[in-house]
Amino acid sequence: MTAKQLQCAIEAILFAAGEAVKISVMAKSLGVSKEMVREAVALLRYEYDTQERGLMIIDIDDGYQICSRPMYYQYIREILGEQRRQALSNAAMETLAIIAYKQPVTRGQIEHIRGVNSDGAINRLLERGLIDEAGRLDAPGRPVLYETTQVFLRCFGLKTVKDLPPIDLKRPEEYAKFEQLTITEQEA
Amino acid sequence: MTAKQLQCAIEAILFAAGEAVKISVMAKSLGVSKEMVREAVALLRYEYDTQERGLMIIDIDDGYQICSRPMYYQYIREILGEQRRQALSNAAMETLAIIAYKQPVTRGQIEHIRGVNSDGAINRLLERGLIDEAGRLDAPGRPVLYETTQVFLRCFGLKTVKDLPPIDLKRPEEYAKFEQLTITEQEA
Amino acid sequence: MEKILYKLDTFEGPLDLLLHLITKNKVSIYDIPIAEITDQYLDALVYLDEMVLENSSEFLVMAAQLLYIKSKMLLPKPETETEEDPREDLAQRLAEYQIYKKASAALREFEFWSRDMVFRLPEKINFPIPEYDRMHDKSELVKAIYDVIERRKERQTSPKRSFYGIVGREKVSIEDMVEKVCKILSKRKKVAFSDIFLKSDSKPEKIATFLAVLEMIRLDKISADYNEKEKDFIIKVK
């Protein structure tokens, strides 16, 4: 297979898949190395981008997905009559953040962190395909675990969940400060 | 818009639509004549064909549709087959169980019972031959009914659906609730 | 004290309201002036512009928790024991909540990253995918059905839903309930806490009554002492 054929085969695969396809899966089926897949995609992407083609390739989860180029959205929108996505409510966004950073996580854990019932928010995120069930926790009641999906990654432009904006989850300084405070108070 | 941009915009539109788009519809949305759309598509198609690109444009009903090029089918087949060959997800297993015990049942009824959109799960089960269509319900919209298949019986080691383990033995209360739930819904 | 009108639905929950008060008072999560913050928290609930019932039970639970911490801090500490700060659990919950609130704001920035991109569904392929060929035990089907039923139960018994089903969006003002409690106490010198509740018809009324009693205790108009024999709080006029 020539380099050009490899590019075209990948183009066909990404088009037909309609979801992200892993580099390793493509390499195996095409009988080439992962590095060759990466190179072919890089060339294809370069061609798409320099010519401002209708298509675009994004990275997702060690794989690639094809989508339409934003600059043509106005025409697509008119034809498909697409409604623009509505912004998530604060409740839904908070819930999504907890799931994204803490996954997999149960409904109960989410509620404990937020301090309020989160059923509505969770259902909304499920409906939008941003989260999905990820089995059950091996604990009494076997509660459902939730995790984020590929749809979440591509909506938020993340390659993997490791790309989430960094937040300091532990904040050891603050905890240390707290311990100090308690001591002082007891002395006083 | 340059001739090249017109081509790219059409490429984006055809990609996003995923089905045939009429020439007249594209002409209107892009603000050009039908002739210009035809010319742009001819050029785009020429490029696709001479380079043996992964994509192909076919004529349908005074319109065009984009699809993957047949010469790459073997790879698509292998990869999509691989991606869709996985064991049943929790969602698919729940959907299958509902169909098994409540057959024949509609998409809407399944969704109502599970409380989440179940289209993806139903499609997977159809693809893998575990369920099949069983006529239509004599109700508004005439929704499709689903039932389990021979493949299903084989995979679960059952001779007939009458061999399904009874649910009411262990938890009669909950089974009654499950029964009620479907009945109420059919009444509604 | 100035009257501040709060809309409960501008806060995501009791922790959110508390964080707001903490920020407003420029104090540390780890050293909350509990008496002050509790008062402000109760004020926020009492002077609610509009009682939003959706999460009101959680707001009340927090009110009770704050009062509990406050009372614990008033008790003399045993000298020998190095007792935990009663505020510690709350501080940690607030710290954790604050982290995710920040994370949520960070994610918000990316929310529409792919707004103008269209992803398509998998192409319909015109070749058969191999039939499913894994073997499963039939008990997996039963388990799946129970999972569905359980989840349904969770959904149906969630406080929010059951609340809406029963009470709709009825509004009860706390002032009215303060008046009601005063009226009851004008006839009898003391009354059992649960008796006051028996006279409330609906959930919103019960909630408002509860807040009214809290408010009256706070303003030192009444006292509530636990009676071991009756296993109830006895409310008396001061």
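We just call them A, B and C in the order they show up, numbering each chain from 1.
By definition in this document, a residue touches a chain if its C-beta (ideal position, glycine included) is under 8 Å from a C-beta of that chain, and two chains touch if they have at least 3 such contacts.
Bear in mind that the values here come from a model prediction, so they are computed numbers and not experimental data.
Participant: Which chain lies at the heart of the structure, taking centres as C-alpha averages?
Facilitator: So the chain nearest the centre of the shown protein is A.
Participant: Can you tell me which chain lies farthest from chain C, using the average of the Cα atoms as each chain's centre?
Facilitator: B
Participant: Counting C-beta pairs in contact, which comes out ahead: A-C or B-C?
Facilitator: Result of the comparison of B-C and A-C: A-C.
Participant: Distance-wise, how many Å sit between the C-alpha centres of chain A and chain B, to the nearest whole number?
Facilitator: 23
Participant: Averaging over Cα atoms per chain, report the distance between chain B and chain C in Å.
Facilitator: Comparing mean C-alpha positions, chain C is 42 Å from chain B.
Participant: On a C-alpha centroid basis, what's the spacing between chain A and chain C, in Å?
Facilitator: Once rounded, the distance between the two centres reads 31 Å.
Participant: Touching at least two other chains at once: which residues of chain C meet that condition?
Facilitator: As it turns out, chain C has residues touching two or more other chains at 118, 120-123, 125, 147, 151, 155.
Participant: For chain B, what residues touch not just one other chain but two or more?
Facilitator: If we look for residues of chain B contacting two or more partner chains, we find 12, 15-16, 67-68, 76, 80, 90, 115.
Participant: With touch defined as at the start, can you tell me which chain A residues reach chain B in the complex?
Facilitator: 4-5, 7-17, 19, 21, 25-26, 29-30, 51-55, 66, 68-69, 72-73, 75-76, 78-80, 123, 126-127, 132-133, 135
Participant: Which part of chain C faces chain B closely enough to touch in the complex?
Facilitator: 118, 120-123, 125, 127, 129-142, 144-149, 151-152, 155
Participant: Within the complex, which stretch of chain B touches chain C?
Facilitator: 12, 15-16, 18, 67-68, 73, 76-77, 80-81, 84-85, 87-88, 90, 93-94, 96-98, 100-101, 113-115, 127-130, 151, 155-158, 163-165, 167, 171, 174, 177-178, 181
Participant: Mind pulling up the chain C residues that touch chain A in the complex?
Facilitator: 12-16, 28-31, 55, 58, 62, 77, 82-85, 88, 91, 93, 95-97, 99-104, 106-123, 125, 147, 150-151, 154-155, 158-161
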